[in-house]
Each structure stands twice: as structure tokens, then as C-alpha cells.
Amino acid sequence: MKGRIFSVVGGMFLLTVCSKGDGTVQAAPPAAQPVVPTADVSAAGGTITGKIKFTGTAPRNPAIDMSEEAACKAKYTTTPTEENVVAGPANALSNVFVYVSAGVPAGQTFTAPATAVVLDQSGCRYHPHVFGVMVGQNIEIKNSDPLLHNIKAIAKKNRPFNVSQPNANMTKTVTFAAPEVMVNLECNVHGWMHAYVGVRPDPFFAVSGPDGSFSIKGLPPGTYTIEAWHEKFGTQTATVTIAGTETKTANITFAAH
Amino acid sequence: MRWWLPDAGSTFAGPIDALFLAILIITGIALVVVEVGLVTFVIKYRARPGRKAFYTHGSTRAEVIWTAIPAVTMVALGLISNHYWVLIKDKKSIPPNAYHVGVHGKQFEWQVTYPGPDGKLGTSDDFTVRNQLHVTVNEPVAVELSSEDVIHSLFVPEFRLKQDAVPGMHIIAWFQATKTGEFEIGCAELCGMGHYKMRARVFVHTPDDYKAWVAQQAAGGSE
Amino acid sequence: MTTVAHTPTEAHHAPMSFWRKYIFSTDHKIIGIQFLFVSLFFLLVGGLLAMQIRWQLGFPGKPLPGGGILPESMVSGGVILPEYYIQLVTMHGTFMVFFAIMPLLVGVYANFLIPLKIGTHDMAFPRINMWSFWLALLAGLIMLAGFFVPDGAPRAGWTMYAPLSARPDLSGATISQKLWSISIVVLGLSSVMGSVNYITTIINHRAPGMHWFRMPLSVWALFITAILAVLALPVLQGAAIMLLFDQTIGTHFFDPGAGGQPLLWQHLFWFFGHPEVYILILPAMGMVSDIIANGSRKPIFGYHSMVFAIIGIAFLGWIVWGHHMFMSGMNPTLGSTFMVSTLLIAVPSAIKVFNWMGTMWRGNLRFHVPMLNAIGFVSMFTIGGLSGIFMAATPVDIPLHDTQFIVAHLHYVLFGGSLFALFAAIPYWYPKMFGRMMSERIGKLHFFLTFIFYNMTFFPMHIIGMGGQMRRIYDPTIYDFLKPQQPLNVFISYSAFALFAVQFLFLFNFLWSLKRGKKAPQNPWEDNGMEWSLPNPAPHGNWDKTPNVYRGPYEFSAPEAGDKDYLPQYLKLPTDRDPVPAPLPAGGH
Amino acid sequence: MQTTTMTDAMRPPVPAEPGAGVYSNKLGMWVFLASDVMFFTALIGSYIVLRFGMGSAWARPGAVLNVPLTGLNTFLLICSSVSMVKAYAAIADGKKYFLRKVPGKTLQDGGLKFWLLVTIICGAGFVGVQVVEYIKLVGHGFTPTGYREGSLLAEHALADPVKYGAGVAGMYGSTFFTMTGFHGFHVTCGVISMLYLYFTKVLPEKYSPQDYRGIEVIGLYWHFVDLVWIILFTIVYLI
């Protein structure tokens, strides 16, 4: 009887259009963190390298139930987890943002590299999870998932923004105008998605890799304070004096609570 | 193609759908009377040479008739509607044995808090699951709605369930699912750019399945 | 205290400069025409926004044709972004309600018709009237500016529900949300100024013999509308000011974090908003009544009950606002009360519909374009009124609330109702405005095509709403329960594009006839209204000497009229006696 | 009665049906006041809903606001209403006057000039006191968003949260400044309008016992504003 009531309307109904048709996105599970292209500095100058470790046992990263987003879930063979504490062998700690917090002569200015940092949203996670940019450097936000992500920047010194990318392969370029460690990026549609970006006025920063190592290059001679930031373990500092083009090592150890 | 209300999935669907049909019939009759009347008049009383309109200022009897009929119909409709309205939305109508779950709206997700094994909300064994409302079939469920930021509206079409979640307010909506399966939840109040993406699901389980699901959740998640 | 000498009116002023005559004019007719052009512009803007909404709903994820010209903050690769989509729905609603339909009905026709129809020379306060127009234009421009500021237009829906509207961190729009509030405050001021004028003019400036119950129903409707506006708009102004303070200086009227109440905004908004709904339909009803009587060549059926129905609708309109809030968490007992009062509104509405039919019954129908559109109004308004009953019955409202069903309902009332009435009114009083006739042929074509495409656009929305498609969602296809009805969305979108395209016929007809239309005879529709005693277009100041009124406005086919089938209000028959003007009120008491 | 030459705007310039029985300017003002009633109803209604919807009580009367000062201000505004009545009476029936007789001038003119000036001064005084009150309140730390951190009131509120309504100070400030602010705006508009009339109509002696509509219309407005203040003073300061 329902059909009968509306058969008149059914008669009017002439046009149908198939509006579906996104191919499934293939992208392999993101295994390795893409190396963040650090700022372009001259080879001259000193280098600070080191390893980031932590003591104690790392907290378990919560599993993410992606069943509501089949397209994301399909990109993983095992249950994906959040990336709060990504530990490597021998308690190496990755995703630590290391930067020179003091020692760079005031008044010295650096130009931002022309290359953009790519922030990819794939499998309902951010890649990279932690990264640094220079003030004014382009960040190209890319959506590799065929579904809506919004990118909300929670910043204090920079103008907050909230943009969305409903389709696959949409890109959006943003920049930050003021130094800020860290600007939090989050997706409100997928509450587990977080990324952190350190915005610096100089190119002297790095993010620790899977083995916990980092390297800051091109420092002129001087005494520097370096600060390491981790989303769960807080910050640690170290002081390093550079003379000439030497390479100094500064290992930093966090304590897992 | 769907030409009617969504399939019935809760005890509310019966009376609401019946009332919908009743109103459709009443308004359908009124619509036919008006539209057929208009078409008839347009054809029958079209201007022709030598005709003159009938000079009248109206008829009190006609006015009384078409005042009284709609008035009586509307009052009757109001009384019947109110009966079901009270049964569905009144605070006193929430069954005392209802199973309480908390639903917290947030830009742009629903956080569903379950009472855990002890069956009580607000205790330490509560656990929260994102975008999934698991309930037992044929058991009244009271949804304690709250909101983090803006107004959201919990909408389950199959259950004929809709209730705004207002920040700063604690609102209870209840329903009783009548069939097992998976249904969709939408947000029916504009809540920002991700409004359309506040999609969540209701899973209606048999009592045993539900117990098993709770046990699994209490054991530490959905791995 | 006998008669007062007729003071010279402004009819014989020296010729004025273009600026005084057409821009900073205090002539009620020019102000009406200014409103007409401005609000037709905003109607077009609103329509353009609607087309983008329909594109997105019909073809989610596909690049909008011509979308490349939009900035990257609105589209990405031509695809409408969700944040732009909610700007579209917000601004479509805002423009259509506040800057298109409301000024078209009230700004244009209250200004243009009231003095002409009650037989006076101008409004009571011509200069305030001019200000009312300029403030309305200013408000419109402030609103339009929202598109051009960083973050784009407001994003909280035309109802601006707090706290989404109050907090930029939640809505994502910072400046334009404030512009919305400011614009509404300015618009409210404009509306109050206009309405004070209309009310005063109608009460105090009716020509001798224009008794209350000799006023045309259009004037009655505009009078009651003005009363609604003068009492409702300040409430919105107050609410908008509080919202503005929440947005700017950090108060928390509507933010629960500091004790504010989100529902307070809804109560205030709808306490204004429901009378507003009648502001948007009563003038349409009034003008349609005039046109149907004219087209039927018969007195309006049940004139007095029509007047009382208008008053009844207006009165009930104040006590039904809660029916917008059945699902809001408001006390359900209040819901019961609001349901009953809402259902009762069906009664005066039914009286009006049946009286229009009674007017056509045994008439001698002339199908000129205004009459066709007026009949279209009656049949479409009926659907809109009846579909309202579904949502008035609270239990049925549960599945239908905030779905496309309500979108269908409100468009049947506002497009099928108000806009059809305007398609009737614009050509009907066009000769009085511009001295020329609009093309009947194009007008008829426009009516039939609009009628068809309009129904093809909005009727299926009922079905989509029954299926559960929520309002203001960007992409229905992500829901499994909505996917099956997506073909219907596509169908609606095609119909909407056609409907929009057809409106250019009207626009063309309107503009072309300004210069090329047939010269209008003095009384082209053989109507009874006072305005037709004047030449077309009517001169500044209207009558040299205040006219007398001898009878009611609907004496079509009266026996006294002889071989004619109309008997104008201004025509003095040998049996008529001149009315005695009232003594003037003293300078003080 | 002797024919008087009426100005163009003085009466409905044309014969008309019996309307409201008053001239249009007065009717227009009545309609506008009805509209303004709704405006204040929205503000006051919101205040009541918000205040009594709060979990905890408002600051006690007098704890934050200077009631004696505002009481004096209220008295000033009531006086201005009285003087407005005097001004109206002076021009309307020509019986009441205040100033001494000036040769060649009617008594009424002098009465109007004097009493309207009193009204303007009282009105301006009211606004002035309100401005001073605002400055003092803000100085103490009472702002539209609550007690400013580190201010005197914030300290008081810490010491005695009940008396100072510590938890609800934000809403207290919001409603207080919104309502009194918009009332003050109305008074200011009234004072400016009266000044305008004073210099364009009253001093040039354009009014007569036959035509004093401007005075009557502004008088209506003024009494309305006064009435609103008495309501506001009661519900904001005293309760």
C-alpha cells in the first residue's frame, strides 16, 4: 500500500544518476615514518646528534576501533593503535621533537625553505605524527582517505584554523606565522587522530626516528640549550657547546611514569 | 527506493506510524477536497461571454461548517497525539527497569558510556565506546544524553527516536528495540562542519550476545 | 471644529533632482520600488546559494560547475567543502527569510499599497520610512559582507542556535557570526521603523469613508503583519544583542559553561520566529485575497471571517513558538500545550482556504497571470498547511523533526505560498508602479513551468524526509539508510535547476517590460481598489485632493454596477452620500 | 474657536476616518513604545530565566552594587519625570508656571523652558552618575564577564563566596551591564532628543498651547524610560 500511495510520484520519477564510484584506496600500511625534511641549512657548522630513550615501561597504546571507517580499516592488517608512545629497540623513543630553545643569536633571521612539509592523512592517522616547520614554511595537508577528515589546529600564538577535506586526494596548504611549540592538530571526526607540529623561527630542530636518534645540523659555534618535547613524557633539556664544525652528542632520557 | 518511513525497530514505531497514517488520511481527504474543488471551479466557472458572477458576500452557515469541522478534527487529533506523546517523552514514562547508558555528544562523535558489569552508571567499572551503542533487544533502554560543546540530536530513524543533546542539560530519552541487528545513528541538529559525519551505529543484541559483548569490553577492548 | 481646509499636499512640488526623486526619496511608492529591486537582488542571491546546496546533495563529491571561481576556503578542486556547505544553508535561509521574502512582502507592498489602498497621500512619517529602507539595505550589505571576510559566512544555520553560533572555536567562523548579529539588530530597527509607520498610517490616515471593514484584505493583512513585526522584531534584536555580547565581549548568556542556557536562545528566537512565519505569509494571503476576488469577479466570500481569521492566526502565532522545540529537551508537558495551540492554527488557515474557494465558486474566472499565481498559491499553501499538521502532532514530529520533511513543509509555505503570491502581486501592481504591463504570455509560461518544477522539486522532499534524511547534512550517501533514496535527491536537484532557470523568464519579463511593456490603461484589471483612480504610475503625493470612499473593496458583479462587473470604491453613484470626515484630534489631548 | 494656522506636520494634513483619536506622532510613539516594551521584556525575561536557572544565588543586594548611589540616581530620574510633567503642563494648559513674568513673553513659555531644562539636566545627570558608577564598578573588578582576576571583588568573593555570589558572577555581570547599559542608551537618546527640541523648538518658541506635540511625544518616551528604570532598579539592585 505504501507503493500505491506514492505511485504518482513514482511516475514523475524519471532521472537516476549513479553518483558512486570511488575506487578503494590501495596505499600500503604506513610502516616507516617518512623522514621530515628539515630546514635547508648549509653543511658548514656544527652538528648535535643524540639518541632519545626512556626508562621504565612504556604505556600500552590504545587500540583504535576503526570498524566505522571501513576504508581506513582496510589499510591495516593488524588492529591499528594510537601513537602516544612509539618505542624502538632498547627503549628508544621516537616522535620526540628536539629543538634549540636558546643560544641562537637574537636578531639572526633564517629564511624558510621553499619545500613544503607534507602532512598525510592515511588510514585515519596522521603521517608524520610529530614534525617541525619553520615560520612561514608551507605545510601541505593531504587526504589519502576517501572520507571526511577535518584538521583543527589548536594554537595559542598562531591563528587557529579548522578546515576539512571530505574527499580523497584533497590538499590544502597552510603556514604558521609565529613560533610555537607545539601546535596540536586534531581531527574531530576521528577522535583518536592527533598530530603535533613544532613551529620554529630557525632551522635547528629535528624529530627522533624509530631508533630514537636525531641530528641537528649547521649550528654556528656557541653554547646552546636544546629542548626535547614528547607528547606524553613532557620536556627535557640539555646544554651543548659547539666549536667549529664538530659533531657533539647529546643523549636525552625521559622517564615513563 | 524507499517511499515510506524506515522499517520499524522499536516499540514506538507502532503508534507513531499509525498516527502518521491517520494524519495522512485526514490531510489527504482535505487535500483532495481542496485541489479537486479548485480544478472543478477553474473549469466550471471560467469566464465566458455573457456570464456574470453570482453576487454574494458569503454564507454564515458555510463559515460555521468549515470552522467547526477542522476545529473538532484538530482537537481530537491533539488528544490522541498527546496520549502517545506522554507515553514516549514524559519523564514519568521512562520504565523503572530501564537499562541506563550515557550518550555524550561531541564535535563530531558520540561517546557511549556503559554501566559495566554492575549495571550502574557513574561507577568505576563504566566503560566508554566511541560511536557504538550496544543494547539488548526487547529491553527498555534509557539514554542519558549530554553534550560537550554544542547542541546535537540523537536520531535513530528505525527506532523513531530523536532527542537533542544540549550542553548543560541532562536529558533522558528511552526506547525499546524490537529486533536485533545493526542500525544507524545520525545527528539531527546542525553542530558544525562535521555535522553529517556524526554517524554512529546501534547494535541490538540478544541478551546472551550482549552479555558476551560487555564481558569482552570489560576485558579490555575490541581487539 | 468643523472641516479643515485641505492643506496642499506634495503633489505640486517643483521637479526634483534624480537623487531626491529616486534615491533619497520619501515617496512611499518610490521606497516600495527601491525595496523591490533590492529584495529581488537578494532573492537571486538566495537562489544561487540554493543551487549550490542542491548540487552538493544531488552529486556529493563532484566538482561544482563553475566552482573554480570560488576561493579555496570554500571549494577544494571545485568540490564544495563541508564548511562552505553549512555557510550555504545558513545564508540561503537568512537571505530568503530576512532579505528576500520579508522585504518583498512587507517592504515593497506595505509601503506601496497601504497609502494607495486607504486613499491617503503618503505614509504618516515619510522620512522615517526612507530610513527604514536604507537601514534594511545596510543590514543586507552587512550580511552579504560575511562571504568576503576571513573564515567566510556564518555557519550555524539561519536559526543561529547557540552555543554553536556564540563560540567561534566551535563554529569556525569568527567575524561573520558577529556580522550576522549586527545585521539583525539593524534589520530589526528598520522593521520597527517601517511597522510604526504602517500601523499609524492605517489607523489615522484612512480616507473618509474607508471604514475598518471597508479596507481591502491586503491592507488588513499588512496591518496585522505590522503589529506582529513591531512586537516580534525587538525580541530578536534583544536576543541578537545578547548573542553579539557572547561573541565579542565574552559574556555567557547562551553558553552553559558559565550558567548560560542554550534553550534560552531557542525560546527567544522562536518567540520572534513564529510570528515571523506569519509576517511572511499574512501579506501574501491578503494580496491573494484581493487578486482572487478580482479574478473571480465576485466579492470575497466571508469578508468578516477572513479578517477574523487573519487576527486569529496572528494571535495564535504568539503562543505556538514551542513547536519548533519539541525535540529540544524542553519539558514535554509544555510540548503538549504547544501542540494544541499549533493544531488550532489549522482552523483559521482552513477558513481562509475555504473562503478563497468560496470566492471562486460560481464566479466568472478570468485567468490573468496574477489570478493563475493566486490559484497556485491556494493549492500550494494548502499542501504546506496540511504537511504542517504532521509535525504539529508531537509523536509524528519525532521521526520528522529536522529532516527534509520540514524543509519540504517550509518551502511549500514560503515558496508555494509567499513567492507564488509575489508572482501574483508583482504583475498585478506592476502597471501602478511603472505604468506598463508585464507580458501576459511570458507570465503564463513562467507560471506553468514554475508550478511544475516547483512541485517536482519540493514534493519528493517529503518522501526523503520520511526516509529520515536529516537537514543540513552535507553528504547523505554516507548513511546506509539514506543511500536507497539518493536517486530521488538527484531528481530533486535536476528539478531545482530547472526551477531556477525558469525564474529568469520572470526576471526577463520584469526588466524587459520596464521599457518595452504595453502601456497600461488606467484600470487594467478592472479592479475596485482606490489605487486605480490614479494614473499609472501614480504621481508623488497620489491624489490632489483626498478621495472619498463609498463602499467596500469587493463589489464585483454588484447589481448596482449595471452592465459592468465591478464597482470601484471611489466611484460615486447617484445614491451615494459623501462621507463626513472625522474631527481632528486636538494638539494635545 | 479661532482658526489657527497649523504647521504641515501638526495634524493629519488631510481629512480622514476616525482613527485612534490622537494625532499621528503620538500614536506612532505609542506603537514604538509597545515595541520597546518587547525589547526590554526580552532582556528582563532572559535575566529572570538565567538568574533563577542558576545553581547558586546571585550576590546579595548591595554587596557589589552601590545601592544608595543608584537610589539617589533613581530619585533624580523620577524628578526628571516630574519636571517633564511640569514642562508639559506649562505649555498645555498655561496655568502652571515657575519663572517670573517676562515682559512680552507668555508665562507658559518660561515654564516650558525652565522645566524642560530641568528635565534635561536631571536626565544628563542620571547618565553621568551611571557612567561614574560603571567606572567604579569596573575599577573594583566587576565586569560583564564576572569579577576580574586579582581585583578587589575577586578577593572578596574568595573570602565570602555566598555574599558575593562567587559562582555566578559572570552571569551577574553580563545581565547587569546589558540591561542597565541599554537603559542608559535609551536615556541618552532621550536627552539628545530633548536637547534637539530645546534648541530648535523651545528656545525659538515654536510651541504654543495649540501645538506642543513634540513635548508630549518626548514626554511619553521619557516616562516610559523612567518606568523601565524603576523596574530595573527593583529587580537588579534591590532583589
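Going by the order they are written in, the chains are A, B, C and D; count residues from 1 in each one.
Simple rule for what comes next: a contact is a pair of C-beta atoms (placed from the backbone, for glycine too) under 8 Å apart; a residue touches a chain by one contact, two chains touch by 3 or more.
Keep in mind that what you see is a predicted model, and the values were worked out from it rather than measured.
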Of A-C and B-C, whichever chain pair has more C-beta contact pairs: B-C
Field: Longest centre-to-centre distance from chain C, chain (CA-based)
entry: A
Where chain A and chain C are represented by their mean Cα positions, the distance between them in whole Å: 52
Query: Approximately how many whole Å separate the CA-defined centres of chain A and chain D?
result: 60
Statement: Per the C-alpha means, the centres of chain B and chain C lie apart by a whole-Å value of 31
Message: Taking the mean of the CA coordinates per chain, how far is chain B from chain D in Å?
response: 49
Of all residues in chain C, the ones touching two or more other chains: 81-83, 172, 260-261, 463, 474-475, 478, 487-488
Message: For chain B, give me the residues that contact two or more of the other chains.
response: 3-4, 24, 107, 192-194, 196-197, 199
- prompt: Residues of chain D that touch two or more other chains: which are they?
  reply: none
- prompt: So which chains end up touching which?
  reply: A-B, A-C, B-C, C-D
- line: chain C partner, complex, touching residues on chain D are 1, 6, 8, 10-25, 27-28, 31-32, 34-36, 38-43, 46, 49-50, 53-55, 92, 144-146, 167-168, 170-171, 173-175, 178, 182, 209-213, 216
- prompt: What part of chain B is in contact with chain A in the complex they form?
  reply: 3-4, 24, 106-109, 129-132, 192-194, 196-197, 199-201, 221-223
Task: Would you mind writing out the residues of chain C in touch with chain A in their complex?
output: 58-62, 72-73, 76-77, 79, 81-83, 169, 172, 456, 459-460, 463, 474-475, 477-478, 486-488, 490-491, 494
Field: Residues of chain C touching chain B in the complex
entry: 81-83, 85-86, 89, 155-157, 161, 163-164, 167, 170-172, 256-257, 260-263, 296-305, 327-329, 332-333, 335-336, 339-340, 343-344, 346-347, 350-351, 353-355, 357-358, 360-367, 375, 378-379, 382-383, 386-387, 389-390, 393-396, 398-399, 401-403, 463, 466-468, 470-476, 478-481, 484-485, 487-488, 554, 556-559, 565
- line: Note: in the complex, chain A contacts chain B through residues 2-3, 5-6, 9-10, 62-63, 65, 67-68, 79, 147-148, 150, 162, 164, 188-189, 191
